[in-house]
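Contents: one structure, followed by commentary.
As written, the chains take the letters A, B, C and D, and residue 1 is the first residue of each chain.
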Amino acid sequence: MDKNRIHEQYEMTDELHEECGVFGMYDFDGNDVTSTIYYGLFALQHRGQESCGIAVSDTIGPKGKVHSYKGMGLVNEVFTPEALDGMKGDIGIGHVRYSTAGSSTRENAQPLVLNYVKGTLALAHNGNLINAPELRRELEYTGAIFQTTIDSEVIAYHIARERLNCGSVEKAVARAMKKIKGAYSLVVMSPRKLIGARDPHGFKPLCIGKRENAYIIASETCALETVGAEFVRDVLPGEIVTITPDGIESDTSMCIPGNKEARCIFEYIYFARPDSHIDGISVYYSRIQAGRYLAMDHPVEADLVVGVPESGNAAALGYAMESGIPYGTAFVKNGYVGRTFIKPKQSNRESSVRVKLNVLAEAVKGKRVIMIDDSIVRGTTSDRIISMLKEAGATEVHVRISSPPFLYPCYFGTDIPDREQLIAYNRSVEDIRKILGADSLGYLGVDRLCGIVKSKPCCHGCFTGEYPMDPPECDIRGEYTR
Amino acid sequence: MDKNRIHEQYEMTDELHEECGVFGMYDFDGNDVTSTIYYGLFALQHRGQESCGIAVSDTIGPKGKVHSYKGMGLVNEVFTPEALDGMKGDIGIGHVRYSTAGSSTRENAQPLVLNYVKGTLALAHNGNLINAPELRRELEYTGAIFQTTIDSEVIAYHIARERLNCGSVEKAVARAMKKIKGAYSLVVMSPRKLIGARDPHGFKPLCIGKRENAYIIASETCALETVGAEFVRDVLPGEIVTITPDGIESDTSMCIPGNKEARCIFEYIYFARPDSHIDGISVYYSRIQAGRYLAMDHPVEADLVVGVPESGNAAALGYAMESGIPYGTAFVKNGYVGRTFIKPKQSNRESSVRVKLNVLAEAVKGKRVIMIDDSIVRGTTSDRIISMLKEAGATEVHVRISSPPFLYPCYFGTDIPDREQLIAYNRSVEDIRKILGADSLGYLGVDRLCGIVKSKPCCHGCFTGEYPMDPPECDIRGEYTR
Amino acid sequence: MDKNRIHEQYEMTDELHEECGVFGMYDFDGNDVTSTIYYGLFALQHRGQESCGIAVSDTIGPKGKVHSYKGMGLVNEVFTPEALDGMKGDIGIGHVRYSTAGSSTRENAQPLVLNYVKGTLALAHNGNLINAPELRRELEYTGAIFQTTIDSEVIAYHIARERLNCGSVEKAVARAMKKIKGAYSLVVMSPRKLIGARDPHGFKPLCIGKRENAYIIASETCALETVGAEFVRDVLPGEIVTITPDGIESDTSMCIPGNKEARCIFEYIYFARPDSHIDGISVYYSRIQAGRYLAMDHPVEADLVVGVPESGNAAALGYAMESGIPYGTAFVKNGYVGRTFIKPKQSNRESSVRVKLNVLAEAVKGKRVIMIDDSIVRGTTSDRIISMLKEAGATEVHVRISSPPFLYPCYFGTDIPDREQLIAYNRSVEDIRKILGADSLGYLGVDRLCGIVKSKPCCHGCFTGEYPMDPPECDIRGEYTR
Amino acid sequence: MDKNRIHEQYEMTDELHEECGVFGMYDFDGNDVTSTIYYGLFALQHRGQESCGIAVSDTIGPKGKVHSYKGMGLVNEVFTPEALDGMKGDIGIGHVRYSTAGSSTRENAQPLVLNYVKGTLALAHNGNLINAPELRRELEYTGAIFQTTIDSEVIAYHIARERLNCGSVEKAVARAMKKIKGAYSLVVMSPRKLIGARDPHGFKPLCIGKRENAYIIASETCALETVGAEFVRDVLPGEIVTITPDGIESDTSMCIPGNKEARCIFEYIYFARPDSHIDGISVYYSRIQAGRYLAMDHPVEADLVVGVPESGNAAALGYAMESGIPYGTAFVKNGYVGRTFIKPKQSNRESSVRVKLNVLAEAVKGKRVIMIDDSIVRGTTSDRIISMLKEAGATEVHVRISSPPFLYPCYFGTDIPDREQLIAYNRSVEDIRKILGADSLGYLGVDRLCGIVKSKPCCHGCFTGEYPMDPPECDIRGEYTR
């Protein structure tokens, strides 16, 4: 895997990245779950495109014999027919990854598969621990060695050690959860159990599905629909669910009062797929609603409302509904610009943005356009898109953003760049508007944002600096080295 | 390249395929054109995903020394940094391909690069000759050998032979055009000239662009915009343009009366990118207009108009505009399901359609939905999508198709399946509606379709069986073998 | 990497496999050692062809930042220019591997790179621990997790834990050596030290070299010559050498009395490269001498002495010298039959042996031939070669083997098949001769074998069942599972 | 395929290269011949390592449907299981290639597969035409186009054109042979015939084999043995053999008087595999004999005769036999240094020669060594090997070369470098000796060389400048461009 090329891709965009998606399945009829996990990971691919992996095990065959395969790249790049060949099991877990903690290497791909005192264990997780460095250090002082820089290894050590003192792997998971702090949604495969766990704040989503005589645990409900499973329920913040042929067992002893929960609001606004529901709230509806609020709070006279594809479209539709201004399409996105797009000896004239996105001049010529996007991070892409709209004949471009300005780091799994790179850092909205060259600019307010998921307390630290738990003192981003 | 996997992909979809896109460039300042051709092919990738290639030449260095590279796959798969390394030239042509005539092999990738009596020549073409078999046979009887099964080789032979009797390569192209019949848009690179030619009926688009001191010839205007070039004009049906440092020379001696022209109507409805203009008509506008006509001719009471992504969206917007029924989004498309998506040991539960497309239940629940698609070929995908809408809670699904029913073969480059596979063959609209499970079904009429591009005569043989020239007697599809 | 194809290869041959080779280097002038390690691994490729890896570190840059790359395949397959790009360090270790313990997977490739309480550590080892299962179990009972099935991980844990209680990594190595039992030659890289260690019995070779201001530790002296280094000395059985800019420090506290040492005799006879010296004895000379002894003990009247290439040639030369019978060449070996040779739809007529080896009929026709080979394991190849010689016109074929018959398992790193597969198991020499179709058959006696390296006590357990330490009770071969 | 890496390889060596090997087969029982061709090409791999290909056809199925696959690399690199999958036919031809005329590109890989007036034809050839440029030009003036720069395309055109005027493909081959001049051994596959042809001078070998009810035509007899076929006879210089189910037909009308024949002497000395026989003469015997002559003509007192592996070994054995001086082994060759060996950031200390070859100090220390090699081209490798021997303790190194000094170009298929690069050009033997640092130097005389194959007239133009036909005036090496 050429890391430069991966880098290239992200450089081209001004997008934030989710770090991971997880999928686990246990079929009590003994059917192979590998292909279903493969399809489930496809449906979660938007949550991580750097690496992926699957580990499956046969509960009927030799106890604990795990087949696993991991690699750098997309699900359909890594899982060639050769790679899938020979993988078979009635229980298994899978993972897609974009690295926030731990560098982008094959060693860091998940699931983590290991042997410990009770046999074989496999783990995959989504989220970011804020006390991982301290925990690593503590473990090292008792003789631990670390072969990766991912949090899963820290969690695995705690499970392995707690398992020595308690009677089951799920209890060991519960005890481990007492020590780890931060955001995590976890799937664990032991020789005869599939376990799902979600951190007490519920930062990251995790849900349960069922298909005939099989249970599934997945990051998002869209993965359940893709594999033809029905949605059972969300895993509660702080809950541990243990799936065995005897059914689902739930341990809610780690749960905290509902008003202390802190779902990542950005899952609703950007990360999750619009056809998913998180904790009972439709992601699509959330975005429509965000667009409606924008129309209420930042109205403007115009001829056309357009979204920046793909993620701005739903909010644009909401804005159009509320404002009565016609919704339209202003952009053509080149669907073939993949992860490994390279920029050969590029001259200045061929902007990366234009290769990915072109304006439908026909649609915007002579019109006052309201352009909706989900967020502005550095602003590097936005100003070019606005220019393109104007070059194509738009007489005015009014920018509306369905989230507040980014001002603070995220410690829980979102890859927000350093403050100096954030366009909103130390700048007024008017300053930003000028930089972008927009005719007007409006951000969604934090209250509105929280209002969208109002019954559910959310984490909005990246906008407000108010976090549901004390952030770590040291910088948690970057390599784990000494 | 695993042909099975390519096949797999197309099996999954009920889409028609364009066969090719071409891009040529000549920079009079001597700058390298390779990277611009690379970007241009990216913008034309929707016209062919099976193979691609670039050939460049240095007019300043040793005369006629051509660097070329071709391979199976997408532009970003074939043109790795290693492949691009060493390619350099101030004149060049490129090609993307989906095979309609000639099988899908590396040998058949274009551009075709050859030596003939006057040095080196490279050709790339889009379209389908209807008299290729006869021409091959004729050539063989004068001692020709054929190493590919593509029409370019037939055209190349004619140019090479005519060149012996006339003073320039462009004249040889003109003479060759007298012999070849059918659809073709052609770019030719000779040591010091870039030539573009379009068949007299103008089936396939071809246009000219300019960027500083360089000229470009491309299949679609979207490729010009992508590389930052300005649109100069379309190549006329029947015209040959010859680009040299002295400027553009035009030979219109092959042009036929305008009312005999026969543009492929499906370029407007489906093949071309919506941000392109073909012969002065916006593709996007054509689709909006098709949607408007559908609303006029097939009105229905409903709550929501949605398009089947991506190609149905513009017509859906047109329908919404005309009918006043709100436009919305009903589907989430998985952008990561690429060309090489495989189906491992798939059970029945995991439908390929659902992996690619999911319904936004939130958007359609309890609603009467008008679903717009650009065409129905076999109908295999449509019935599943309609089922998905209903399962998601749509109370009614009214299907509107922005083209007439397919009933006849295309001899000019579109890969229409055998009649027996066409859902409309020998069936009434009501029959089709029942098969699909739609609450109502309406097709765009042929007159309406032609009305969209009314000043421009078009070919609608696939709908009407009326072709602008006599179709060949034998079957032209399939391998060239004896 | 296609495991079936690897398997295919070994199936074709009746050869034993060494498990590993190691190479470490520390350049005190700060020059990059990566390319030298790469060349060194090339010279050790005969010791392992399944996987390889390099880890380097910059002692001058950020402490402990390790660059590592590992993969399945030969050194020149794994280390493409892209893989080597970016690897840089003045200290580093490398490894080539054929698996005897631990399955053949990417996870099990070495060096093992890890973080522990004192920073980063990298290990590579050659050999086989006989108490690894017990040690793993013990470690697990104190909370260890294992991500591979290789012995290096067990050793690493011990070093990491001992390091908590002692003042330096080399002391931790010494303490670890008190616990691990079996055969091992080890190179360890810590942020500022290169360490080499050899088990007290000295089963596997390990030597020290010097090139300008840099030190090297390698499995064989041939690797020193390949990189232009001079031989300094062998690492003593039981010795730990610690290389820092202050020089070489030696810890011989683990050494045992010389007469208890137990070099693997098969290193001399087969595994090592003939241009290497192990503990002062020339491998080439050992093989010549083995051939001489064969001539003394199993004389026969004949016209020609030939070796089975490559490893039988030196003994054949020795036999010829001693007997006075002319030495010649009887075989042509196809040097292009690589590791990934496949057998497509093979009919019986195309024997794998003949693809690899053909007889020079001209050389053997009408002659009585003495054919020397280094060993017979299953005998599957030998009988075909003998047939080929006879078909080519040899009137007699007398087989002489420069080692005794294999009768017992090896617990120390050689991949000897199950007894039932050994041709010598439960068979007399006369029985074997008949099976092979030879006119006479003579094996080298155990005393003769030990006589070759007489000043050095050796391990000959695979021939005699007498091991220098108690073999483990359980089967040590096969996966580490529970 | 990375051309730089291929280049790298050859740069490392001072070897000459054969250009090609051919293999054809027709099984009258209808069995698939693909795997046998694959094995046959393996046995001919020494004749070309740059590219290879196979074309097969089913005489029973649809007439003339050819499956072919070609690629850059070794037989086992190109013919992966995927590549072989689907190839099936009872008639077929294969080719391995090192380019002398025509550059090293995928386009130039053979067999050449084409359609012409009588259906499908496939050709593969070994050799070099001296009038190819004129023939190309002539063909172009009658409208031919060329897609490769290989001679096969010129031959194919002639066959295709002659076929229009005569009743069978073999007659067309005969007529084509009247026009083409130079060295060629040719296999041609038509829908129902396998044809072999050899140029009248017989420069390159070609032989016929039989296995059950199938016939084989191959470059060397070693390929027959490898696939278990029996040798039938050599194709005569100038002969065309046509194989059909009716048997072998022979056309000898193009044969010239035996004393005008001109076998390439270097096939015996270096190119061919020692286990092959060419025109009744054993290659192995020829080399033994060359060694004997060297001993007669250039005797010297010494302790040991050694060959430079692999090709010098047979002559060394001959020298030892004749002189009575013991034969021994002085070198260890690293068999893993493959075609794609790369030289990363190489320092001067790591010589490429030493990576490939090391000296057995034990064998040469204190000895006067006679070192036999087959040829010296540039001398770049020889001087290093001599130094290595001396460094290892050889007291004297006497070099004997089993061919005369290279002084002239080869026009018939051997890749001899420009005169300026030849060490013997404008230098006396004594001058060369000094450059190499040898204690004495002796070349085999031209008379001796011809004496080896005395009943067979041979071409020795590269040594004497006397060619069996007038060499072309222009430079025939290098690209075909204008």
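To be clear about the criterion, contacts are C-beta pairs under 8 Å (C-beta built on N, C-alpha and C of every residue); 3 or more make two chains touch, one makes a residue touch a chain.
Only a predicted model underlies this, so the values are computations on that prediction, with no experimental measurement involved.
Engineer: As a test of understanding: of all chains, whose mean C-alpha position lies farthest from that of chain A?
Structural biologist: Chain centre farthest from chain A's centre: D.
Engineer: Once you find the CA centre of chain A and the CA centre of chain D, what distance in Å lies between them?
Structural biologist: The computed centroid separation for chain A versus chain D comes out at 59 Å.
Engineer: Could you tell me the distance, in whole angstrom, between the mean C-alpha positions of chain A and chain C?
Structural biologist: About 47 Å, centre to centre.
Engineer: Can you pull out the residues of chain B that are in contact with at least two other chains?
Structural biologist: In chain B, no residue touches two or more other chains.
Engineer: Graph of touching chains, which shape: line, ring, star, complete, other?
Structural biologist: Graph shape here is a ring: one loop, exactly two partners per chain.
Engineer: What are all the chain pairs that meet the touch criterion?
Structural biologist: Those chain pairs satisfying the definition are A-B, A-C, B-D, C-D.
Engineer: Report the residues of chain B in contact with chain A in the complex, numbered from low to high.
Structural biologist: Touch list, chain B to chain A: 31-32, 34-36, 38-39, 42-43, 45-46, 49, 74-77, 79-81, 84, 211, 222, 225-228, 273-275, 282, 284-285, 310, 313-314, 317, 321, 326-329, 332, 334-338, 340-342, 344-347, 349-351, 354-355, 358-363.
Engineer: Quick check: in the complex, which residue numbers of chain B touch chain D?
Structural biologist: Per the touch definition, chain B meets chain D at residues 2, 62-65, 82, 106-107, 112-117, 119-121, 136-137, 140-147, 149, 153, 156-157, 160-161, 164, 479-482.
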